[in-house]
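Letters A, B and C mark the chains in the order given here, with residues in each chain numbered from 1 onward.
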């Protein structure tokens, strides 16, 4: 019995210790950080949070930056564009990442925008689909539900399965603005929450059509020409392919040294080289 | 001395038990604080009975999602409960020890598979299969129900089996001694005695089905329109939050917290119903 | 009489067929999923995959940091939820079985069990990440997951404790043991298998959770150095790999490792449980 009660006490003691150590860790962690940021040498940590479309690019940029500045840790988080805006505004992250223009309600809160890259949006169909080209007007009618059969745009006699992104997505926002304009997205379109799942859906459905970030276009789906123009980074850059949106880094107030160094790196030659290597379009 | 430490332990036990209330209160506060203003602004009826979901234009009709969540969960329970309770009875009562020894770890293993995996299995295998065999677009209530049914199997099997095993041996022996067959004993004595455990299992399974997010998003098509058949795509309440939360801002984001409130209230009502049921049958 | 007997006979037959069929379908459905993943994933799993850091967002390289983070998340969430859950179950079964407080506690537990993980995620984000200022960290993630699995542990422990026959308790009390001695020496050891089942289910939920973890622990690919660091669990990694279309090969491989990990945890837990229960009872 004595042994057992000791055991119980031991378990509680361990839990208590763990709690104290955990919370202690957290507090200790912060003090050296502050001290470090005052030092002349570059050190500290930067957290980037936000758009999942920007995340792969940020990850690459962060790796390259950390290789040069070993004292700095750059943590890259997802969460979505809005979470990124919130995080930057509330200080949970030094940098918020957004794959859409920030909207009216977010503009008033005093964030600084850094346009780090451009991304094209390709309209994709199943590789087995005969249709290889659409006009912007046909695309508009397909995504608004007006054209319902592939034969109306030169394909087989089969119903079109429209796949779209969720409302609020940066990709969808840009797509609606450029392609749909005044028309509304077909309300029975299958809705998928990410580029990857739109791609998988279209790749698995012979009659599917969707739209994805140009950076993730590959052989699984076929990017159709719009008004005769191939969806390529070159064509986005020379403005002949019209469907594109910006990738933004958002910061609030005065940046600390590590954050400033990172943003300078991204906007500089080396950073923009990585942007191009990742199949996005440099803003320079 | 002994009394003192037993007193401390009893206090600790009470604090632990109350922890659940504390957590629920915190969650309630944080969800309602964010979601209630937008409900007050547009009126509850706008959310519950509206069928238009265009959050960027101020239309927040949640009815299609409420119906969607309800139908997908119901379908999952219709498929999953008979299978898993049957399986639990089999494991506890009929299967030889070696078979149970093999099957049980296998099922426990499956409980741990991330929902994303089930979702992708559904997307890659089930959705095309339904499109070929039943027609439609494949993304449907049916595929959602099947994926969810598979996902809730381990939960219901594990807990119901424990409950069935916990029925005292005397009950079973008594029934058999009175001349009842094994199946009669199972039906009339064992399952009724294990009822509270089985019900707990079903509630946990239902909770998992209603609450499941990632797997459902991948297979139901997420269309916020009232469905006309089980082959139509739907959107669930959880899906609505998960899909749009990451990009929502301002009132749109509040409307998603409001979706959370609706989900929350539905679950409260279900829980209330469940706490009422066994009392009426048992007493 | 004959008619009755034959209808009993047929009912028996039909019931047996139904029970067999339900096992075959259940296992068939579940094994089909596992088989599909292993078939596509096993060939991409290697020692390098387990021990190397990912490159290009996980398109190349391994998953080492995500394994470390997953283990941390399991440890933190269960270190918090297991003792609280078991103690709550003891309170509910052995001390106060009736009364309005118990009703409220039970309702709260059931509500907690029914709250979808996405709402835990939203709550964790609003409360722990922003309000408490823990930011995206192992601590925020671990706490959120602890809240999530708490009801599972409470309920399974409760069922297990309830299933210990009353005669055991009466025997112990008759021998002069106090209530707590009885619980500690008699009730808990007998209930241990059920409690461990609950813990295993909880580990499964922690390992498999995606939505709540992304919102609270974040998705940084760095190896966390303290509980205040952000982390990416294996499930989150799998979700990102698959949903962002980074690499289906690596996604299947990650899923395969997850399944193997769960298998190891379950086997260990079963072993430990057997040893503990035989030690304590004898």
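We adopt the following convention: a contact is a pair of C-beta atoms (placed from the backbone, for glycine too) under 8 Å apart; a residue touches a chain by one contact, two chains touch by 3 or more.
Per UniProt, the chains are A = Phosphate-binding protein; B = Phosphate ABC transporter membrane protein 1, PhoT family; C = Phosphate transport system permease protein PstA.
Just so we're clear, the structure is a prediction, and the values are computed from it rather than from any experiment.
Colleague: What are the two chains with the top count of C-beta contact pairs?
Modeller: The chain pair sharing the largest number of C-beta contacts is B-C.
Colleague: With chain centres set to the mean of the C-alpha atoms, which chain is at the far end from chain B?
Modeller: Relative to chain B, the chain with the farthest C-alpha centre is A.
Colleague: Can you give the whole-Å distance between the Cα centres of chain A (Phosphate-binding protein) and chain C?
Modeller: 31
Colleague: If you average the CA atoms of chain B and of chain C, how many Å lie between those two points?
Modeller: Inter-chain centre distance comes to 15 Å.
Colleague: Which chain B residues reach two or more other chains?
Modeller: 9, 12, 124, 242, 245
Colleague: Chain C: which residues touch two or more other chains?
Modeller: Counting only residues that touch two or more other chains, chain C contributes 83, 242-243.
Colleague: Could you list the positions in chain A (Phosphate-binding protein) whose residues touch two or more of the other chains?
Modeller: 5, 8, 12, 52, 78-79, 83, 193, 197, 200
Colleague: Over in the complex, which chain C residues touch chain A (Phosphate-binding protein)? Could you list them?
Modeller: 55-57, 76, 79, 83, 125, 129-130, 134-136, 139, 181, 184-185, 214-215, 218-222, 226-230, 240, 242-246
Colleague: Spell out the part of chain B that touches chain C in their complex, as residue ranges.
Modeller: Residues of chain B touching chain C: 2, 6, 9-10, 12-14, 16-21, 23-24, 26-27, 30-31, 34, 82-87, 89-91, 94-95, 103, 105-118, 120-121, 124-125, 150, 153-155, 157-159, 162-163, 165-166, 168, 181-184, 186-187, 197, 200, 203-204, 206-207, 210-214, 238, 241-242, 245, 257, 260, 263-264, 267-268, 270-272, 274-275.
Colleague: Spell out the residues on chain C that touch chain B in their complex, using ranges where they run on.
Modeller: 8, 11-12, 15-16, 18-23, 25-27, 29-34, 36-37, 83-85, 87-88, 90-92, 95-96, 104-120, 122-123, 126-127, 131, 147, 150-152, 154-156, 159-160, 162-163, 165, 178-180, 194, 197, 200-201, 203-205, 207-211, 234-235, 238-239, 242-243, 251, 255, 258-259, 262-263, 265-267, 270
Colleague: Would you tell me which residues of chain A (Phosphate-binding protein) are touching chain B in their complex?
Modeller: 5, 8-9, 12, 52, 78-83, 85, 100, 103, 105-106, 161, 166-170, 187-193, 197, 200-201, 204-205
Colleague: Which residues of chain A (Phosphate-binding protein) touch chain C in the complex?
Modeller: Contact set of chain A (Phosphate-binding protein) toward chain C: 1, 4-5, 8, 11-12, 15, 18, 22, 25-26, 29, 47, 49, 52, 55-56, 59-60, 63, 73, 75-79, 83, 86, 90, 92-93, 193-197, 199-200, 216, 220.
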